[in-house]
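Going in written order, the chains are labelled A, B, C and D, and every chain counts its residues from 1.
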């Protein structure tokens, strides 16, 4: 029973096979290979628009490179105060942006809102030359609390960004999980709603090491390739990352994997909600659950070798809180076993 | 006939198999997995010393992270003026070091020498507060001209570095190729000769995306893990990079692959040396050849679909120059075919 | 009536005279002059300890250089969320630190407390490799709300910092104003209370362009001089900044100027407190006042050519808020005239 | 006899007086004062064009801020290999540019040429994504060897830059000395010849601490003000730097001071050229001399309390070399005394 993170899972079979198929003969390095070219075409079809897509090996690289391309070193990014980019990337955005700041906004469920953007912009303008000026907004999809911005919520933020001259970045480390919940098209959840750049994650949803930065407006991508190179994120044997992403997008694998993970999360949520003394802190819309429960119950689960993280600092919550994450590889038995243990008085 | 680069080659079978074997069940992410732990032990055995080894996905990342750990943002690195770090990483070292400079030294064969180090240090000291002060020396093994520092040459540089308080970094993107030429132990070519940090390359010699930074003095590694994380080079599914490096080091695979590549290069060199009007610019000690030949011959080779790079700017060389690189995957037939074409009048 | 800022004031006569006296003959540049040497001795006497003092031209430079010396690029600084370094230096700390973060803490009066430090450290440790780790605390003296940390409050923070291995930086842009309020010695308000580094401001209190970074533990200053040089903050004609600081420290000029400014602020505060509908938001302990009053009154003051800033975003305050700042040059008449205007119904 | 540097000189009387005159009453801070506004108008008149001018306190700041505005963090600047920006600013350009590189070019007299620019651009293009691409050229006026680019030489570089899409920056730390030698107008030596940005120095030629960055194409200045602020180079009491620059430009003071310094240099040069065993290494066109002479003669000069720098590393020069710099404050007696000493057998 490993619910510690979706990145403790292995690589799904289809992606392993795609890597193996790519392992034939010599091809040009650094992305000038047929698989990488094909990837761009596939992504354009799926997102129903012209785009540029740049594979990288990690989500932190995707986010930091995307933001550095959008924001000048003396600028700022608006984001949720517990955003992954703000708390879990050890300062990567600031490093890649050359010192630009993240200006953080509070949120009860991980989602930030247009009025918060407006207020932060007004505050920055009032500060004049002395205060960093926001140049982009970054939202996480699904959020750090496992909730999802639906297409309307993204579109509202997109409209605010347009009005204020801000770029809109989406950290889609769990984009597939959000998409299958939102029930719209990839285009509707991104560029049609005003998203300029998407960090498109695959690693947590079955890949080995494969993320991509997608610019829906290719003009915004100027300099990205050089930034990627000088950050050491241009793989010489690029075909192997493109092979992962191709398999991920082909035949709906990404959506199947995400649906599987979300379903497991929903089953867990439904089961846990019925247990007295156990409380879900947020709506479960993707593949993460935040669960308050008595310490004795948590200790019993740990003793039974269930893996998950304890969460600190949940304001106003008297009980200890744990996070559970499901993945494409979570089995029905794992869910059932966990619920059985949690139900034990 | 692809001699464009050793990174146009595929992944060797043993490494693909190791990746497949690693693809079983859940394991802790970010390097807290058994394969990564085992890798450290294997590296320590092979280098006959305590060490810390940090896997990363690209050679540029390995070099830039290593140098950033050794040198302060207001310091400098001494290196060959055509070093990969100086000319082919799009400014990655300067980016990771936070603006520290590379102070470059000329060389006829890619190797730099103790007197050059001494002169550069004297010059910097004379410049006082106004001039950046060197804190490290970086050498490439095998060099950018396909030559190799033998253990004595490294040791002479190591002694100079100790005397001047400089750290010694080795860019070992082709370390295995250099080692099998040098005919000494890994320890003799590195820490016993004064090397503090090694960028240990595997990708060019048969891996998918696997390099490692090895600190022979673990005290020098302070901060490395945070630098790797904030640069986006900490893989969440680290097992898959450790699996590559483990297979690479097991059973001497790395040395077999390098010997194969070097032998192919030697065959090419011997064959080309016999062709009238063709000249090798450097001793062929590893798996790279730099060859001057008439334009007509180059054009004929290209027309026959032989892949290689044309080199610009070889001072004093009247003929055009091409670079040929062999790899673990180079076949005898490729060598024979190339020589046959080149022999054609 | 100019209460816009203490930096709208001119240079006090004693400092102008000191600059003029320094303007004689040739002296060594870049700080190797007798006036700069004398400055170190004077500062050591006044602070009753060995120290190193580095003059720079602006407070932003002093703060950013000090923090960059204390904190690694992948580290963090804890400070008040409205600290000058966080909101009014356009990202200078992040730029100079190479991307390290400011982790900000709320406060009702500008002062942060040991429990806040402890909680932030615990949170960072819990975040492991993914979360930046605090390496320093920065406090402002007097604070951004015109309040003052007394020696005990500083000492409590100093003790927490020692326990957690954090350096303690004090942004003393208005250090003299705080000191004359605190009623203790310079030593008691700084190093005896655990302050490691002080940004010692003079510009706002009568100088032309003169601030200094004082390290009470010279071992912490390693690299500072190179950082200052490479940031363009090493004046070639250093004697003219040292002349300002020498005059500032001689004969108690700095304390006289600060007492004058604080007295003017106190008179303003006492007068304003008596006006119906006018409210002071904070205790007036130095030379800044934050005053809530009806819009009509503010407009009347502006119409009468009184200069001050309107403050935005004071949570929970229904009335508009203005900031008034006094200086060494504020006259009794200015205070009286302002109060007369404000008293007008 | 102080020929160590023009920055060992004091401040000239006219500039001291201008500072004193500015010291009256309160004015808006951070450059929103009448003196700063007037400065822009005066500079526009003198350079006969619309321009923006930003005062800063040091030449290193002027150069580094100018280059950071012109060049992206993954770009490069072409300059002479002994340029001040490359050897005497402790890495300031790299720091401010966020890691961009200086690609250096050799020169016998400090001047670089269009063919060198062309070759460097060709080399960079050949390197593709792996090699930093030049975005600007920086030349020093007068050069580090005391020579001067005449208007034609600048124009030739300007034309090359236009053709290659490069910005042209001039480090004019000694611009006035170069201008009075070149015998043309300020416009002819700058924007009419293709210079986009000028670091306009005054400190070495009589000011206290006053340099300015002048953009002849205001569109290129985007972001400069924020960069200046976040680098700590926006003086709060800006009027005192603008007062210096205004006095410097008024009534031709800058040209008078420069002519005085150049004449002293010429007298020294003519006198030294007549002394057997003494040799001038370069044409003396501004206020710096590089003189080869026997060690005994140098030692005798030092013993007589003459101040100057010994130069190291002059390739191919068997004699030791010293540098002499004259200034607006150099007296006829100093020159005569020095020559008398040097003439002594």
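Assume a residue touches a chain if its C-beta (ideal position, glycine included) is under 8 Å from a C-beta of that chain, and two chains touch if they have at least 3 such contacts.
The structure displayed is predicted, hence computed values, not measured ones.
When each chain is reduced to the average of its Cα atoms, A sits farthest from subunit D. Among the pairs A-C and A-B, the greater number of C-beta contacts is found at A-B. Annotation: 50 Å between the Cα-based centres of subunit A and subunit D. Centre-to-centre separation between subunit A and subunit B, using Cα means, comes to 34 Å. For the pair subunit A and subunit C, the distance between C-alpha centroids works out to 41 Å. The multi-chain contact residues of subunit C, meaning those touching 2 or more other chains, are 30, 73-74, 89-91, 95, 98-99, 129-130, 132, 226, 229-230, 234.
Put simply, subunit C touches subunit A in their complex at residues 73-74, 76, 87-91, 94-95, 97-101, 122-123, 126-127, 129-132, 312-313. Those residues of subunit C lying in contact with subunit B across their complex are 30, 72-74, 98-99, 129-130, 132-133, 223, 225-227, 229-230, 234. Interface of subunit D with subunit C (complex): residues 2, 4-5, 7-11, 16, 19-20, 22-30, 56-62, 64-65, 89-92, 95-96, 203-204, 208-209, 226, 229-237, 240-241, 307, 329.
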